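My questions will all concern the structure given below.
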Amino acid sequence: MKVDLSVEVGALKLRGPVLAASGTFGYGTEVPLLERRALGGMVSKGIFLKPRAGTPPPRIAETPSGMLNAIGLQGPGVEALIRDYAPQWATWDFPVLVNINGESAAEYGELAGRLDGVPGIGGFEINISCPNVEQGGMYFGNDPRAAAAVTEAVRRRTKLPVWVKLTPMVSDIGVIARAVEAAGADAVSAVNTFVGMSIDLNAYRPRLSFRTGGLSGPAIRPLAVHLAHQAARAVDIPVVGVGGITRADDALEFLVAGCRAVQVGTATFVNPNAIAEVHDGVAAFMAAKGFASLADLPRFLPKD
Amino acid sequence: MWVLGFAAPEIAASVKAGQFVNIGMRPGPLLRRPFSVYRVEGERIEVLLKAVGTGTAQLLALREGDVVSCLGPLGRGYDLASAEKSVVLISGGLGVAPMPLAARDAGAAGLHVTWVHGARTAAELCSESDGDEVILATDDGSAGFAGTVVGASPDAGLVLACGPNRMLAAVAQRWPAAQVAVETYMGCGTGVCLGCAVPLARGGYDRACTEGPVYTASDIDWAALPSHLAYALTLPSPASGRGAA
Amino acid sequence: MKVDLSVEVGALKLRGPVLAASGTFGYGTEVPLLERRALGGMVSKGIFLKPRAGTPPPRIAETPSGMLNAIGLQGPGVEALIRDYAPQWATWDFPVLVNINGESAAEYGELAGRLDGVPGIGGFEINISCPNVEQGGMYFGNDPRAAAAVTEAVRRRTKLPVWVKLTPMVSDIGVIARAVEAAGADAVSAVNTFVGMSIDLNAYRPRLSFRTGGLSGPAIRPLAVHLAHQAARAVDIPVVGVGGITRADDALEFLVAGCRAVQVGTATFVNPNAIAEVHDGVAAFMAAKGFASLADLPRFLPKD
Amino acid sequence: MWVLGFAAPEIAASVKAGQFVNIGMRPGPLLRRPFSVYRVEGERIEVLLKAVGTGTAQLLALREGDVVSCLGPLGRGYDLASAEKSVVLISGGLGVAPMPLAARDAGAAGLHVTWVHGARTAAELCSESDGDEVILATDDGSAGFAGTVVGASPDAGLVLACGPNRMLAAVAQRWPAAQVAVETYMGCGTGVCLGCAVPLARGGYDRACTEGPVYTASDIDWAALPSHLAYALTLPSPASGRGAA
């Protein structure tokens, strides 16, 4: 049975529901082996206006079914991105969203303005949820007013799709989701990493130089599914689920919980072909159940 | 220290000294574990390891016929294209791992190979060692030269080193042009996670898995490079032997 | 080398730093095999004034390195606890704290009042963090005023040690910790479970009848260590770390991160002797490092 | 369906029909997996299983000499102290698991044993079956009686049943006094987590791992008991065979 896996996230048409998550797929030029036919889209590593060195090592630590990272948004800055990567993206057959970061709403807006209209830029994912920077990041993400201000600043500068990446470090994710929806977001990505810490028992200090890091991987999946579900119940714009997806079943949990599409992150580190395997597994599930398209997949979105 | 062998034709055919493979186990820890390729015999590659934690414990529990996922060869290895006539290989502890291939490639390049290998005690000295000339050193003098490998080695134009980051920092002091293979934690081994950051003398960081793990010693900001990784701590190492999988 | 593992949590002297976590050790009468000599203390299953049936099955679902539970505080009510369990506790050589629950601050106070002075009751752990009840529970735990009100209501009714069990579902756990400290808590336990969801792909609905459940087990450890550390930096009263402890090293991470003691929960399900193994492993670590008592263990509690 | 054998002297010596063991694997899934004890041979116990997910996949990957953690015997088994002269054992699919021991204990108690075993198709029928009399049934009639085990079985005073909760509900209708072994998810198997709640006709819940897994059929609120567990779904079951560990 032929299954149609294409989805629409706002105005953005994707050939499949599985995207590469920001910071886990570089600029799309690094990962070997991946069968790109299966890639619905890609979100590039988080970028700032200016180049950033990132945090000193150690930057990662492994935990049960997960990993902590504190990369600190290392990146070449927007000009290098436009020069070195955008031209390649312009030739690809899937959209690339740029994960944008700033220390003020104005900076986010300026970044979006600089990138708007550059060939190869398919849209934006506003990162107001990075736990690994001193200013901005997560601190915009757990205040509805700040989150809305950043979203508006970006919305004003571009007609391209604008997604907002939400942080799980809030007591009610629905409040933030509604705030950015009202501010003009086309979709929300739920969720970014959870703040965690791991202690080096030889040095009696945290393993990571930044002390804390963001937890990702299968360990967080049940938390991410819940938060994506809460977001999907709170807003009318599409929700893109992310957190701990390694297999098709994991992606299907997010889709049934109300997500329009999903992103795969850490799994790609372990299995460079993870995205293709998730995509093909979803297709196989749909075929086995007799669903012709994702519109037929039952969703769990009760009103109460 | 233990040796594990894997059938891996493509890797065996193309691996260069200093390159590594990233090994994944299911069931096992989430992340793969990088290991230098130790020896190549036909279509088999071997890695050298000591029991440290989850990953190595599981690798050492492998039995003939078990299958693991082996990604590689990864990283930039040693560069042996050189005007020099001779090369000195300097290794400390597990840093012995990339040296047999280095000796092989150096020999193939027609270089005279001196291998200086050190450990804390004779017990921890890796038995086998290739090269035209072999110098052993132990911190406690229980075998060979009493002192560090850096003190023990002759002068040379071309120096390749691998070992604890502390030892490599000493190598960098004496031979700024030496090629050193550093260790970092790695998330992906393929260049996308930026977890394997190596601090550079010119500022900023690059990726041990991609631009490294072999660096020109003077390019690294040694003060900023963690001098120990949790797994690089010296633990009572089990009696030497040979495992196979 | 002889190592002294005794600790003081407020006025409460414990022979060891490892306690059994509420809801994972029943009433202390069930678990076989455990070498009780190693038990520093026990927190009993959460109780209400009245008997409670709890939630319908399925109540648990497994996730990577963790499990979701929605037991719904099933319990016999305070009178049965006093009749059936307190008399046994009175004969034991370690203190039993009762994990108390209510739907209003008054109910918590009444429960504490009823139990105060009953032989066998060593203290209270106020549960303002249960994710699996319709009223109360977590909803007291993420509002500093409500958390303080509950703590005061209990404090007024007893001179026994009062611990407050904090929820991780807040954007700043330090705020809640300071609120309950000011309200008279002797210690805080950090943390309770994280809200999560797991989807049954055959039924297209959550695995758990309660839809969501609380995530526990090794998966949450890095998150719990971070939150316990944040709490320890926020208050002067002792912090009891809980979340994902299965081995001595895990317990030591919490202790180095600033905790006075720890609780072991889910690990007991997998290994009924887990608490004893954690206790003995901590002793072995101390001996190997040459620490005579836990006062000598280096702690990571920077001012900045 | 597969059979795994473990050396477990204490359990083998004391286990009663209907009791279970809780098996933990390291590395493996976090939680133990409960399995009915299928047969006892000397100091060996056997469990019967089909490949479902993580746990069973790993158990089926075990090899001679591997070690797992086996906690038990747990739970309350079948009660064979009875005035009756005969007993009917009713099992569906994997519900066959506790029946060989039930036949053993019933025989020892001097009861005449009739075993009625059903499956969806002949292929899924468990080959071996003890008892003085054996009746087979298949939903599709591909072997034995065409229809359910409940329809296929004679009347009797003492009825012991095990199988999908749906089947047990049917048993409860015909024989309210039947002893049925139910399945639930289990967190601990030792009575502390309250995760294995079984809804009772008189209201409230008790613990399948402690008060159960064997219940008097009429004591259970069948409407509230989940009629399928994710793992109890029928999947293409592999050809019968014998594993060993």
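Descriptive notes on the structure:
Lettered A, B, C and D in written order, each chain numbered from 1.
Note that in this section a residue touches a chain if its C-beta (ideal position, glycine included) is under 8 Å from a C-beta of that chain, and two chains touch if they have at least 3 such contacts.
All values reported here derive from a predicted model rather than from experimental measurement.
With contact taken as defined at the outset, there is no chain that touches chain C as well as chain D. Among the remaining chains, those touching chain A as well as chain D are B, C.
Compared on C-beta pairs in contact, A-B and B-D come out with A-B as the pair having more. Between chain A and chain B the centroid-to-centroid distance comes to 36 Å (mean Cα coordinates, whole Å). Put simply, the C-alpha centre of chain A and that of chain C have 34 angstrom between them. Each chain gets a centre from the mean of its Cα atoms; for chain B and chain D, those two points are 54 Å apart. Distance from the chain B centre to the chain C centre is 45 Å, each centre being the mean of its Cα atoms. Chain contacts: chain A has residues 61, 65-66, 217-218 touching two or more partner chains. Chain contacts here close into one cycle, and each chain has exactly two touching partners.
Looking at which chains touch one another, you get A-B, A-C, B-D, C-D. On the chain C side of its complex with chain D, the touching residues are 23-26, 30-32, 45, 53-62, 65-67, 69, 71, 74, 200, 202, 207, 217-218, 266, 268-272. Residues of chain A that touch chain C in their complex: 61, 63-66, 68, 142, 169-171, 194-199, 201, 204-206, 212-213, 215, 217-223, 225-226, 229, 244, 249, 252-253, 256-257, 285, 298-300. The part of chain B that touches chain D in the complex is made up of residues 27-28, 58, 63. Interface residues of chain B facing chain A in the complex, by the touch rule stated above, are 24, 29-32, 69, 71, 184-199, 203-205, 210, 224-226, 228-230, 233.
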